[in-house]
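Per-chain numbering from 1; labels A, B and C assigned in written order.
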């Protein structure tokens, strides 16, 4: 027994020496410049870290990334944050991708301000970081931003709201309510500002009135983009403000919230207002076809993922990926070069054409017209 | 009475627990319509016998025969015996405090219509049953809102709901005051008129003599005798003789007491029950302890000995109402256990497992647990001193364990008791209160514990021993106080102490004349 | 078999703390090696080890406090919310009042202590069950986080990030390794030797049996090998990284709290209260004070954990701390603590936490999605404890028991062999009047 133990200890000591001999410090020098010009092997690992599977779009994006990266010849590691400990999970997932030697890491952030450490880690290990859909804040280590033009989304929503109300009732003034997204999502403010860019003029001119007077983003915010929170707020607005007044329109930043708002109005037995949306979710497309929700935004996830993979391919070949806005997106530390895609507003009028190429949504639009 | 037909006969009942014969060849004959008392010291086997009868110990776990209504009964559980009309009402009432009287009466036995409980009929039936036991209350009253006496009546009503033929009451009046007790006894007589047979287990011999028709006396798990109260002219003295009639043999080490001055005195100690505000568990109790003296406290279960001791020990039981404690002529105020320990008191609980030890601990941790400061510097435990201290006691008290690292659960009852004793000896007390120090311990270990107690006394400490075993008190103590219903009823020197006298003092409120 | 048992006993079941440490590292190594193989060597990769430590240090800090809470027979569900609350308060304080970051840390600890006083008061002095008090706290402080932060994310200054994202600095000559990390490893190795030597001396002073020298050698050699190996790994990471500061904070806390729980009167009292509160009270233990301090201590550690996470994330957000209480509780139970209290050790809980951490990390490295990781973690927790309970009930060899026994304070009685009391008439409840 004693002999075996002695041997074991000896063997352990040898193994120890063998293992400690290799320090990772030697191979690190190249990491710093690898990010920009030189390119990398065609079958490298590409990491994709996405938020929890709370909306259809993220699920779809994950599938598209997995397949698209595979077709392009890369290895892919697509991860969603867990439903409970989202931020911590995503941090750990990004670290794991860095450890596995991912060359590009695409991040759809759960909380865009809490990934600084991980992004820095990725950068120092020589990976390129692409912020997907949500801009990562307060770090110099994010390389590119790819997204639909969210300010534009907001503007389109604002215009749609005005048009929709005009179609129902030719003359104002119109009474509306404003909803915005989760306060921890960088995009919420951008959508809201875009919409207000259009609506502000009308409000100032008195054509449009915010019934409750709640015009600030903090007052209109919807925690966690959760339908239940929007519904709760709408319920109380209906009780407090609209027992006698008529509500003409509601600015809703996305489809999930739009449907929650409509549910609330239906529950109160009021006439349906014009409600905007975004994301082209299945239920909302049905709702638009049925004439309930007024509009949504088609930010086809397919295009966004395709564009992202094109950027990855460019990086692999050692080229600069395409960017079209190198001024607007300041994350607090630097201006991040952005590749912005144009969103499309969808109402009942153009719903058939808008989704003609979408295998899932196209069948739903047959009822329209 | 003696010519009435036999309702129940238990023949040659023997029940063994590992290592102990709790009942051996016990016989019990109960005639229809009588009130039959069972008497015996604590541990004589009364409750075990009733548990055999009611199916708590099912058929097969004992030997012997139960004949009920003329044929042999083999109860597999309580439900089976209840179906046969045998209902036992335990000392601790089995009522749900947050439920109403009706709900309690029909708990598990609810009248149903369709799938739902028929509350209307339940309430009606409850009122009928309550009338039968003389309970006038709204049936919707919650149990916790009525007194113990009425709760007892609810229990009996509950028994009637099950169509009782043989009612067994275990210490029914132990927790009741005078008038409630009287009401209950009247009720029993009323049942007799209606042909219901009762078995009553009681320590209150005056009550037995008053209400029972016949009595069976148990001692050490054996039937001693069955007497007809009227025909045999049985009185309390006669019962006491039956209960204690064993000879005292030399189960005690030889010892010559070295008794010094009075150093500890309690005056007019009065303590209230922690929950019921009108119940006093100690009433104006005064006692003294001299250096080197072993003082016994005799009393039946529920007499208030433990409560008195614990309340003196840093008010760890009940609500203090009044009284003073003097040590070495100085008054001391003990508001917490820590105070009591600081002033040299030690209390070894009657319940080692739930009050004396942390069963997760090992020997050494247990031994030092009541005075860590003795082996700690600035709060840091010195493991060497801990080990040595514990090791010292292991050797001197002859604890049967290989090392002091052994877990206390692995020890036998006697050795656990030695560990608890060591724990309190370690606090260097001047006064040790030992509550039932030999309960559940085999004879050999008892002898050793007696030796330890005598040694402690010889070191000039005062020792109080609370025990339900009279021979133990008589054999061990220099002086014995008797306690009855929270009052000290006697102070008997060793030379005067005999079981019958003690038993008399323990069962009546009359103060002893002997001083 | 018997010889293996004997060896197991002499190696693991000694009374010295060293033996306990030894047993733990052994358990962990098995799991680490499994993933080392499954992930093609990524698990023990320097950068992975570094991120592992900085990712889980705050959970392990919570596990320390939680162990004490659970040993005392309570539970704390509010730690995640307290962490989030303190995080946002500190972030706000630095942003709005420009509080220097070291002061902000002290301020955060003070806020944690104040919360602890609040919760401890209800638990100890009013007697509200800790489950309820901390469930209330969970909601209270989650709401507080959103109230103070306006449900927004607030960034923290660069200096503050040291406690969560900082590393031992580079000093001295270029050796190809981080010199301070190597030095730290060396210090730990020396400490291991010193402790074993002290333990032997203690046994000798007790006049107790001293283990043979070769057993001591193994008990010293194996941990030292592991420590030195780890030191080289941590020191050999990318330039600028080394052993994380948060790991050092954790290490210091583990040493301090292990000492408190094992070697001080206060620590003994926690176990006494959890093991048998009434018996402890009758031994002069101040029940209320123990309960109060245990709950308060938990809140302070939760505050620290919250600040470390905020520092690591560079910002305090509304989702901080969600689900942490469950991770901490799971770590404590996997580490061998008893649900009913009175059992468990700091080192055991740390092992429990590391088992979960390595599992999580290994599965992530294998590209397993977070949904399946959750499922696996849930099953591991259930099976680990269930197997232990099952084996204990059957009186058989218990896997976790055998591994964690060195960390336990005497396992509860096992089926056969436990003595049956000889009371023939079971004593009535002791103080029933």
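Here is the rule we go by: contacts are C-beta pairs under 8 Å (C-beta built on N, C-alpha and C of every residue); 3 or more make two chains touch, one makes a residue touch a chain.
Chains and their UniProt names: A = Sugar ABC transporter substrate-binding protein; B = Xylose ABC transporter ATP-binding protein; C = Xylose transport system permease protein XylH.
Not measured: the values here are computed from a predicted model.
The most distant chain from chain B, with centres taken as the mean of CA atoms, is A.
Measuring from the average of all protein CA coordinates, the nearest chain centre is that of C.
Spacing of chain B relative to chain C, judged by their CA centroids, is 45 angstrom.
A separation of 72 Å divides the Cα centre of chain A from that of chain B. With centres set at the average Cα position, the gap from chain A to chain C is 37 Å. On the side of chain B, the complex with chain C involves touching residues 17-20, 22, 42-43, 45-48, 91-92, 175, 221, 273, 279, 281, 301-302, 304, 306-307, 310, 313-314, 316-317, 336-338, 340-341, 347, 349-351, 353-362, 365, 369-373, 376, 379-381, 383-384, 387-388, 391, 403, 405, 407, 409-413, 423, 439-442.
On chain A, the positions that touch chain C within their shared complex are 1-2, 5, 9, 12-13, 16, 19-20, 22-26, 28, 31, 52-53, 77, 79-89, 91-93, 95-96, 98-100, 110-117, 121, 124-125, 137-139, 182-184, 218, 221, 223, 332.
On the chain C side of its complex with chain B, the touching residues are 15, 202, 205-208, 263-266, 268-269, 271-272, 275-276, 278-284, 286, 342-343, 409-413, 417-433.
Partner chain A is touched in their complex by these residues of chain C: 3, 7, 42, 44-48, 51, 55, 146, 150-153, 155, 161, 164-165, 176-177, 214, 217-218, 221-222, 225, 228-229, 232-233, 235-240, 309, 312-315, 317-320, 322-324, 327, 360-361, 364-365, 367, 369-371, 373-374.
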